[in-house]
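In what comes next, chain A is part of two complexes: it sits with chain B in the first one and with chain C in the second one.
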Partner chain A sequence: MKLTESLSFKNIKGRPARSLALTILTAIMAASIVVGTVTVTSLKTGLGALESRLGADIMVVPASAASKKNFENIVLQGSKGYFYMDRTYYDKVAEREGIEKISAQLFLASASAGCCSVPLQIIGYDPETDFTVSPWIRKSTGGELGLLDVVVGNDLSVFVGDTITFYNVRCNVVAKLDKTGTDLDTAVYTNTDTIKRLIESSLELGMNDFRDIDPDKVVSCILIKVADDHPVDEVLNDLNLHVRRTKSFKTKDMISGVSDSLIGVSGIIGILMCAVWLLGLVILFLAFTLSVNERRKEFAVLRIAGASRRKISRTVVSEALIITLGGSIAGTAAGLLIMLPFNGLIEESMGLPFLLPEAWVIIVLCFAAIVVSAAAGAASSAYSAHRVSRLDAGLVLRGDN
Partner chain B sequence: MNNIKSRAGGIILFILSIALTVGIKLIFPACGPHDDGSFMNCHWAEQAVFGSGIALTTVSLIVLIFGSSKVSLGASLAMIPTAAVTALIPDVFIPLCRMPMMRCHTIMHPAVIVISCLIAVTALVNAAVIIRKKERSK
Partner chain C sequence: MIITGNNVSKEFIRQGKGTNRFVAVKQTQIRIEEGKLTLLTGRSGSGKSTLLNMLAGLLAPTSGTVMYGDDDIYSLDDEKLSAFRMENIGVIPQGQTAVGTLTVIENICLSYMLKGADDRASVYSYARELMARFGIPELENELPSALSGGELRRMAIARAMIRKPGVIFADEPTCDLDDENTELVLKILKNTAENGTSVFVVSHEKDAAQYADFCYSMNAGEISAL
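Right, the complex of A and B next:
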């Protein structure tokens, strides 16, 4: 028998308003699962990417910068901003014990790139000592980073071989980094010589908003990889004690702030999902119970006509299953229509590392959302199905129920 | 009631087309102009979507007025490729800004894709419903 000819399907068609309302309710439940789980998974993926992206165990910044409110965003997330300290601090830090690798970075905020009206963070780094940027290069032309060569973050819509303009200076894109889900994806990395050239050009244009600095004499941040035989805390204390006017941070401690925010957001999402589901299940349960109560005489007639208890029970459950399955699929599609195209907006408004999981993870989550929502709907009708299968047809039809 | 039911597809298509046409200018427009008054690429994508939105609104009016006639069927079918092309205007036919965190990428592009897809799907369903009605009435 075709599905459209079944009794369950005809029952659904016979009550379009009720069926539509229950379908929408199930759709909301399924959409809440998709949106909630994809958001939490994306936040976790983003945090994981940020942890591995930083690469360094310790970061050293000027003591004055450590008190700045947006300091962690600049260092961790690549938000636009800058601070400087004398390069002699780099030498002082390098002399301390327990340091396996050390590299300095210099932050500049560009007025704008040629393409866009939004400023970009330009980070000067030393390719020879670097151990945090190079491992993330996804595609490059190969060779050394020359004058006016830049490495761009994944979110910039320029490709290896293209050019990008800062302060009227055309720079060659020689490499592109992997995605991290943070503002670091819109940062541009280059060497000291290029930084000098950009500063000169910005002075000529009267657009210098990061003071008159000499890239040979200043650095913004010193990144340190601690040797295996030295505890990170020991090196950290040593640096904070002996290198004055700087502040050293353990990167794991810095991430803990982001991690706490992530736990908070995940908690709120979890509570909202629970509330939607609790309410949805109660409404579904009541709707199926009331619907079956209304139709007791209809089922009694079916019993007298020869339908078995099992057949009646199955009719009620399959009716619920058709409604909830349709709702689940529609809700999952709606959830995907929100999450996939609008992920950039969600990332921007959350201000947390946000990286969509791989396609197969999203497919599994959607499949789970459909199965769980449809099963929950069918389960909420199980009690009504059990009750209706036990009714006494004679009593119901006599009206003595 | 029956009249509304037979024109439900046309009503939805009209609302979605109006949402696209008005939204692209007022709710989810592209990035603003540079300080010197010049526009970025995304502005022209916005203009093209606006034009396409006007065409979709006009055709959806035809669907709405002619209910479930053959004219309505033809208009519904015409809306499918038009909506698909509209979805492709930003970033495929007309490139957007280079930074994905800019307004044209985060708001305009996804909004145009979602509404255009909804228009295409609704037009397809409406056409299927009209064809089915015609077959039944034979």
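Right, the complex of A and C next:
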């Protein structure tokens, strides 16, 4: 049997309170990296998903709708709500110059009463003209939607092949969309014919006030893809000038609001992370310095027992590394335990597109958190290690140094 | 092993207002004979411990050389000098010295923990033999905080002897000990010298002279044979 017990392990075990405190501190530092970076990455992923879903350059809505409190959430993120305008506006918009593609959508908020499986936003689109929803519905279903076919958002607890009831009409779930991290994940997409059927049924049941809503005569919003040879701003100004009682928005500008919020939130997260790290590094530095000062006689004993200066230095750093590595792994695990089960709550509290990145991205972030935290902790002991390696054992043991 | 200090001296710079150099050990010639106990006495601050530390390879002299046989130990780099010290030099330092997180037997086997030993059983067996010889066999698994001053000193002697070094340096090994423990420690050191080890003891103890083969006295950094 070989005698190779690690002095570093012995020292860590021999000072449990100090070791535990430093481990917890490093764990907090690592957890702050995991929570912070996964949150910011999720917000960016959510924004990316939102951008790719919108697909349009300009969105036209009734002028009255633009003043609605949650207007942007309705049109951008699929929050429940509705507004309508006459379809003649669709024709007026279509006549303007610089428009490559145009399509309309109709919003229908389902009731929370027993007629419907769940209260949610139903979005009707025109399969003949649509260029925003169809591509990813085709990607999910492989074709077009038939009558009473619906495609559901990722957060709805129904599966392909299930049925979902709105106003006593059983609709077939033919596809489930990828997650976006917005309320679109609880929205339902269907074609205009199905929307008509749902409105008819709601009127028969005497529910909701859909009697003035004829999908052939009204629309909620008009989506426009601008021709390549026309600047978007030019078309936007033209629409706002010539199509009265409507309000046109550049979708990028609408997203830029979300993007600004994201930058703001990321900034706050960054500042908090910096504060945690600065404080953590100062505490670790002081803790290692004090600990080494307290143990100068012990290190002098190691010197007289034959430890080289490098060996003493390595003992201090490896002790710090063991503690900080343990703390980093624990902190990373804790960070994941916060982020994975509670990401829905975080998404809700932030009110921003929030979509967890792919597993490999999370793994890379966790690995980076472990390496950075452990390395930073160990580096904070480097000064102490250097100082203690310079001590003169004879003088220390006499109390002169 | 014969150790020779050739014109070794040590100067220190005291921190404070201006530069204040003082000579702790003036140029000194000393020889420590194999299998003999060499005693160095003198008043506090006379430079005894500084000389011991220089001879033990723990403090580089300002001038002069320290020869172990034909080898000048301060010509070695720190790695080699440390390895040499581990294998050949046992030091019993002044005061209570132990690694607080290690048990008594681990403290005794410290140099093997630093470098590793092929046969833990035989190292521990010899450590137990030393503990029995020094009257602390029951303390194997105790932490140093549970030991008395005398027990700690005996543990430090066992630690210095665990590798059966060619030379042992003891700095005030009987300081703070009662008469019984003082006699015990001095007998151990004498016995070690009789078994072929060079032993160099720095002590205030008047009775220590009766165990010594050679006696020196130090006064204000200057050494003289008694």
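Just so it is clear, the second predicted complex is superposed on the first by the 379 of 401 C-alpha atoms of A that agree within 3 Å, B and C clash if a C-alpha of one lies under 4 Å from a C-alpha of the other, contacts with A are read in each partner's own complex, and residues count from 1 in each chain.
What we mean here is this: contacts are C-beta pairs under 8 Å (C-beta built on N, C-alpha and C of every residue); 3 or more make two chains touch, one makes a residue touch a chain.
Since we're looking at a predicted model, the values are computed, not measured.
**Student:** Regarding the shared-chain residue A:S308, is it in contact with chain B (first), chain C (second), both, or neither?
**Tutor:** second
**Student:** Go through the superposed model and pick first if A:I322 touches only chain B, second if only chain C, both, or neither.
**Tutor:** Neither partner.
**Student:** Would you sort A:L337 into first (chain B), second (chain C), both or neither based on which partner it touches?
**Tutor:** In the superposition, A:L337 touches chain B alone.
**Student:** Once the structures are superposed on A, label A:K10 by its partner contacts, choosing first (chain B), second (chain C), both or neither.
**Tutor:** second
**Student:** For A:L156, using the defined touch cut-off, is the partner it touches chain B, chain C, both, or neither? Pick first, second, both or neither.
**Tutor:** first
**Student:** Just chain B (first), just chain C (second), both, or neither: which does A:A376 touch?
**Tutor:** Touch status of A:A376: no partner.
**Student:** Which partner, chain B or chain C, touches the larger number of chain A residues?
**Tutor:** C
**Student:** Where on chain A do the contacts from chain B and from chain C line up?
**Tutor:** Comparing the two interfaces on chain A, one with chain B and one with chain C, no residues are shared.
**Student:** Would you mind writing out the residues of chain A in touch with chain C in their complex?
**Tutor:** Result: residues 1-5, 7, 10-11, 13-15, 297-298, 300-311, 392-395, 397-399 of chain A touch chain C.
**Student:** Flag every residue of chain C that touches chain A in the complex, lowest number first.
**Tutor:** By the definition above, chain C touches chain A via 49-50, 52-53, 56, 58-59, 78-79, 82-83, 85-87, 91, 93-95, 97-102, 106, 109-121, 123-124, 159, 171.
**Student:** Where on chain B is chain A touching in the complex?
**Tutor:** Interface residues on the chain B side: 31-32, 34-35, 40, 95-102, 105-107, 109-111, 113-114, 117.
**Student:** For the complex, which residues does chain A have touching chain B?
**Tutor:** 113, 115-118, 120, 155-158, 164, 183, 186, 337, 341-342, 344-345, 347-348
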